[in-house]
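One structure is given below, represented as C-alpha cells, and several questions about it will come after.
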Amino acid sequence: MTGGKGPFRVEFDPKLMRLERPLSLCLQARKLACERDDRWLFEGLDLDIRSGEIVRIEGPNGSGKTTLLKILSGQLSDYSGELYWNDAPMRQVREHFLANLLYLGHAPGVKTGLSPLENLAWYQALSGDKGSETQREKALAAVGLTGFEDVPAGQLSAGQQRRVALARLTLTQRALWVLDEPFTAIDRDGVDALEKQLIAHAQAGGCVLVTTHHELTASSVLRRVQLG
Amino acid sequence: MHAAPGGLLVAVSATFKRDLTLMLRRRGEVLNPLVFFALVITLFPIGISPDPELLASIAPGLLWVAALLAALLSLDSLFRGDYDDGSLEQLLLAPHPLAALGLAKVAVHWLLTGLPLALMAPVLGIMLALPAGSYAVLALSLAVGTASLSLIGAIGAALTVGLARGGVLLSLLVLPLYIPVLIFGAGAVQAAILGDGIAPHLAILGALFTVSLMLAPWAIAASLRISING
Amino acid sequence: MWAFINKLRSPKWFYAISTKLQPWFWAVAALLLVVGTVWGLVFAPADYQQGNSFRIIYVHVPAAFLAQSIFVSMAVSGVVFMVWKIKVADMAAAVMAPLGAAMTFIALFSGAVWGVPTWGTWWMWDARLTSMLILLFLYLGVIALRGAFSSRDSGSRAASVLAMVGVINIPIIKYSVDWWYTLHQPATFTITGRAAMPMEMWLPLLIMVLGFYCFFIALTLTRTRSEILRREVNKRWVRELVEEAS
C-alpha cells in the first residue's frame, strides 16, 4: 500500500482556506547566529519572510537547515541575534506566533496507535479549538485518505502517515507554515498537489518556509536562501 | 488568531484523553508494572525466608520499594513515543504552557501505574503477612506517594528521552530523589502497624506531593526543551 | 552587577583574572592545610572518650562540608549558565562535579574508617553517612547525565537542570534521613553530634575547613582554566596565547 485513494487534491473550499486575519505578516531574523558545540552553523543571517512568499532554505547536508527551521519555529532558544514577529520581539509575542504557526518536522508526529481522525483531533485541540469531525473528515479527504479515517495509523504506509500529517495544512488556518522536507515519502501525484497547495497558501497571503531537495516550480512567489 | 479562552483546558484534556486512549489500547504496558510488582514481592519470601513473623516486620518497606521500582519501570516510555514519532515537537509548539500539557501526561502515568499499584498492594500485603490495620494506610500512602514519584520521575524521563539508552541512567537520576517519599511512605505503614499516629506521615507525603506538583512541571518543560535539541 | 555579569561572558576575561588569583588561593590553601593538619594531628588534645581516633574529624568534617557546598555552587553555576548563558559558569560546573563527588567519597571513606574504632564496624546507617551516600549518587547522576549527551551544549543544560532539581531536594533528603534515623535508632551514639568541643580541638578544625574551601576554589580555578583552553582552542586569543608561550 503506497499511495492513498486517488491523487492528493487541494480543496479550495473557501471556508477551509480562509485565513482569519487580514494578512501582512512577517517573520524577521536579524543577525541570527547559531553555534553548536563550537561550530558555527550560520552567522549574521538576516532573513525576512513576508505574506505571500515561499522561502526555500537551501544548503548541503549538515549546513544547519533543520536547526534554522527549529530556531525560526521557536523550538530552539539556543541562538544569538533577534527574531521579530510582526515587528515585535519574539519573546513578547511568542504565544501569538505559535497560534499562527504550523510546523512539520522530519517525523510526521502521527501516533500509530490512533486513527487518522483521532490524530487530527488531538492536533486541533492542541491549539485550543476542538473543531468538528466533519472538518477533519474533509481534511483527510483532501489528502486522499477517505476510507482510512478510522484505521489505526500504524496500519497505513509511510506515505499515508505523512499525508495524515499534511492534512493539518488544510485543517487549521495557520498563516506561517514551516515545513522540513515535506515531500518525503509522498508519491508523485501527492508532490504535485502539495506544491500547488503551497503556492495557493502563499497567494492567499500566507507564508511558507520550506527545506526540500525537490525542485519547486513556483517561481513567482519563491525566494531562496542559501546556507553553508 | 488568539487561542480561545478555555483553550488551555481543551488542549490539556485532549492530551490527557489521547494518552489514556493510547495506553488503554496497549494493555500489556499497563499490566507489566503490576506483574513486575507481584513478581518482585514473590522473590522476597523465596530469597529470605517464608517465616510470617519475619516477613511481617519487613513487609512495609518491601511493598514500598517494590512498588517504587515498578513505577520507575514504566517511566522510560512516558515521553519516548512522542519523541520518536515527532508528537513531542507538536506538543512543544502548542500555544499553551508546556508545563500544563506535560502535567496531563504525568497524570495519565499515575492513573495507570501508581493508582493500580496502590490498589494492588494490599493483596500482596496479605502474602507478606502484613499486620491487620495497616492495609488502608498502605494503599493510601502509595496512592499519594506514587503521584510524587510520577512527577519527580517525569523530570528524569524528560531529561533522558533524547538519549538512545536512557533507561538505566533514568534510574540513576531518579532513585536518589525518591528517597524522601520512600521514607515517609514506608514510615506511614510502619506507624500504622505500631499503632502510632499516621497523620504526620501522610501530611508530609501530601506536602511532598504539593511541592512536586508546583515545581516538577516547570522542570519537566525545561528538560523537554533541552531534549528536543538532541 | 551587570558590568560584572557582562565581563563574565568572556572566557578570556575569566582566564586573565584567574591567572592572577589562582596562585594566592593555592598558597593560602597550602598554608592553612599544613597548619591545620599539624595542629590537629599533633597539638590538639586527644578526646577523652575516643582517644586519638577522633582526629579523623579533621578530614571528615571539612570534606563533608565541602561535598554539600560544591553541590550548591554547582547548582548556582547552573542557574547562572541557564539564565545569563554564561559559558564559564558551565565550565566551572563541569569541573566541580567530579571534585564534589571525590569530596563526598572522602567524607564517606573517612566516616567508614572512623566507624571501626567507634562502632566496631566499617559501616553503620548513621544519618550523616546515609545522607552522604545519597549525595554521592546525586553527583554520579549529574556526571553521568552530562556525559550521556552527544551534543555538549545539551549535556550542559541537562546537567544544570538536574543540579537545580538536586539542590532543591538535598535539604528534603537530609531532613527525611535525619527523621528516619531518629525513628529507627534513637539511642545510638553519633560521631559528630556532640555540642561542646573545647577550643583547642575546634580551632584547628576551623582552619582545616577554611583550608579545604581555599583548596576547592584554587582547584576549581585551575581546572576551569584548562577547560576554557580545551573548549576555546579554536579562538584567536587562545592561539595567540600558545604562540606567546612557545
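In this document, chain identifiers A, B and C correspond to the written order of the chains, with residue numbering beginning at 1 in each.
In this text, a residue touches a chain if its C-beta (ideal position, glycine included) is under 8 Å from a C-beta of that chain, and two chains touch if they have at least 3 such contacts.
Quantities reported herein were computed from a predicted structural model and do not represent experimental measurements.
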Chain whose Cα centroid lies nearest the overall Cα centroid: B
Greatest separation from chain B - chain, by CA centre: A
Interface ranked first by C-beta contact pairs: A-B
CA centroid of chain A to CA centroid of chain B, Å: 36
Inter-chain centre distance, chain A versus chain C - centres from mean C-alpha coordinates, in Å: 49
Where chain B and chain C are represented by their mean Cα positions, the distance between them in whole Å: 32
Residue numbers of chain B (touch at least two other chains): 229
Sequence positions of chain C contacting 2 or more other chains: 151, 153
For chain A, residues that touch 2 or more chains besides their own: 78
Chain B partner contacts - residues on chain A that touch it in the complex: 20-21, 73-78, 95-96, 98-101, 103, 105-114, 118, 121-123, 125-130, 173
Residues of chain B defined as touching chain A within the complex: 1-4, 6-8, 10-11, 13-15, 18, 21-22, 25-26, 81, 84-87, 89-96, 101, 225, 228-229
Touching residues on chain C, where the partner in the complex is chain B: 134, 137-138, 140-141, 144-145, 148-151, 153-154, 157-158, 161-162, 164-166, 168-169, 172-173, 175-177, 179-180, 183
List of chain C residues in touch with chain A within their complex: 151-153, 231, 234
Of all residues in chain B, those that touch chain C in their complex: 155, 159-160, 162-163, 166, 169, 172-173, 175-177, 179-180, 183-184, 187, 208, 211, 215, 219, 222-223, 226-227, 229-230
